[in-house]
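Before I ask anything, here is the structure I am working with.
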């Protein structure tokens, strides 16, 4: 389970320093995660059970600059699973030379809307994610 | 009824052309309108009656560029009133030399959430806005 | 010369009112114009002559709401030409039912970086754009 | 050296989940850092020496949601210093109840534009930052 989403760097992504702004990368990452959930039809089972993924941490390393006109590829996959949380690994590559632009770990907890608290992942979903992680190693 | 809101141009407001991006001005205008509604405690009477302002048109002229570090002032006021609509006039000045950066007309209709259609403005609100426009001319 | 660019509405495009935020539409329009310039390899001849398009007016009508998950199509074309200016017509359709979401006229002047003033369009470019407009009517 | 910057949560900061979007927090943090550099007149000495701060990592924890109308305070300070890098600690508080909304470590390297590489911090600047960190503990 690996989603690849392409984003072309446009004039409005660029900031004072003539490269893609930090905050834009978080939108690029969010775009990649929505595309991942679309492609693998993931996330719906959570919603049906009154649960939701709540982002609790984003740790992003900026490795090289991206400039106007560059075509980026956002890669998104499951990377780690805990009792109540998952971590997705996202990497952004510059397709020009396959250089690494940024890499991020995005950690979610499974959140119950009724309990207003983090709860253990449903077993079936946990199993699906564990398999996805195992098969990608 | 005139609200003045200050915004300092930061690195993330700037785009490829080293000036404030077009789309950012719409956020600056929205910031100005929220501040207007806060200052004059306006808009609440609408919500209580199941109504909402829905933006139907924005017509914005870009008069001069704004650059990193400039301190802008967004001025917001009521400008026109119709049976089902109002138009707010917003101007953005550069406080450095009082030059005009942008000016916009933002037109709302009074929208009923239950009818899902534009409806006439409540009389009391119409009266308040008419007075505000008259006194500012 | 008509560019069609698809944009899927994601969670970060949505605002307090659970529809796409006004300012986002200006980014969608800018995305469409960059894609237009890419597709038709337009704009480069300007840059080579020390000229640039400077946006002087955007007039946007919001016709219907777009919501999370909708797939939008931004259509971009030349619509009008003056001595020193062009107007592009952009329409945003919801592919779900082909309803009109927004339509905008975006007016540029041809700007000389050395003169720091609007100047007449180069003849060759003017001719190309006139033909594009004529053939699309 | 602690900068406090207030930001009121507006309609355009909110996303599908009716709270402030992840990417917006990075803009709030950037706003706080610009305000910090303004307040303490920091950063200019770098630019004069052909150096720049380049962000290499942002690690942000989301502790509680912020909603429409909340007044946030972004607190920014120096937290750590290395030979070629500094880390700023930023916390975002909800002034309603002083609850912690988010906290982030933002790490910069000192980057030479001519060498296109990370270089040691100038001694004087290093000393200033060390004192700022020591006095805030």
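First chain written, first letter: the chains are A, B, C and D, and each begins at residue 1.
Convention: contacts are C-beta pairs under 8 Å (C-beta built on N, C-alpha and C of every residue); 3 or more make two chains touch, one makes a residue touch a chain.
For clarity, every value in this text was computed on a predicted model and none was experimentally measured.
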| item | value |
| --- | --- |
| Pair sharing more residue contacts (C-beta pairs) when B-D is set against C-D | C-D |
| Of all other chains, the one whose Cα centre sits farthest from chain C | D |
| Length of the line joining the C-alpha centres of chain B and chain D, rounded to whole Å | 30 |
| For chain B paired with chain C, centre-to-centre distance based on mean C-alpha positions, whole Å | 23 |
| Distance from the mean Cα position of chain D to that of chain C, given in whole angstrom | 35 |
| Chain B residues counted as touching two or more neighbouring chains | 11-12, 17, 21-23, 27, 30 |
| Contacting residues of chain B [partner chain A, same complex] | 11-12, 14-18, 21-23, 68 |
| In the complex with chain A, residue positions of chain D that touch it | 17, 21-24, 26-27, 30, 52, 54-62 |
| Sites on chain C touched by chain A in the complex | 8, 10-12, 27, 30-31, 34 |
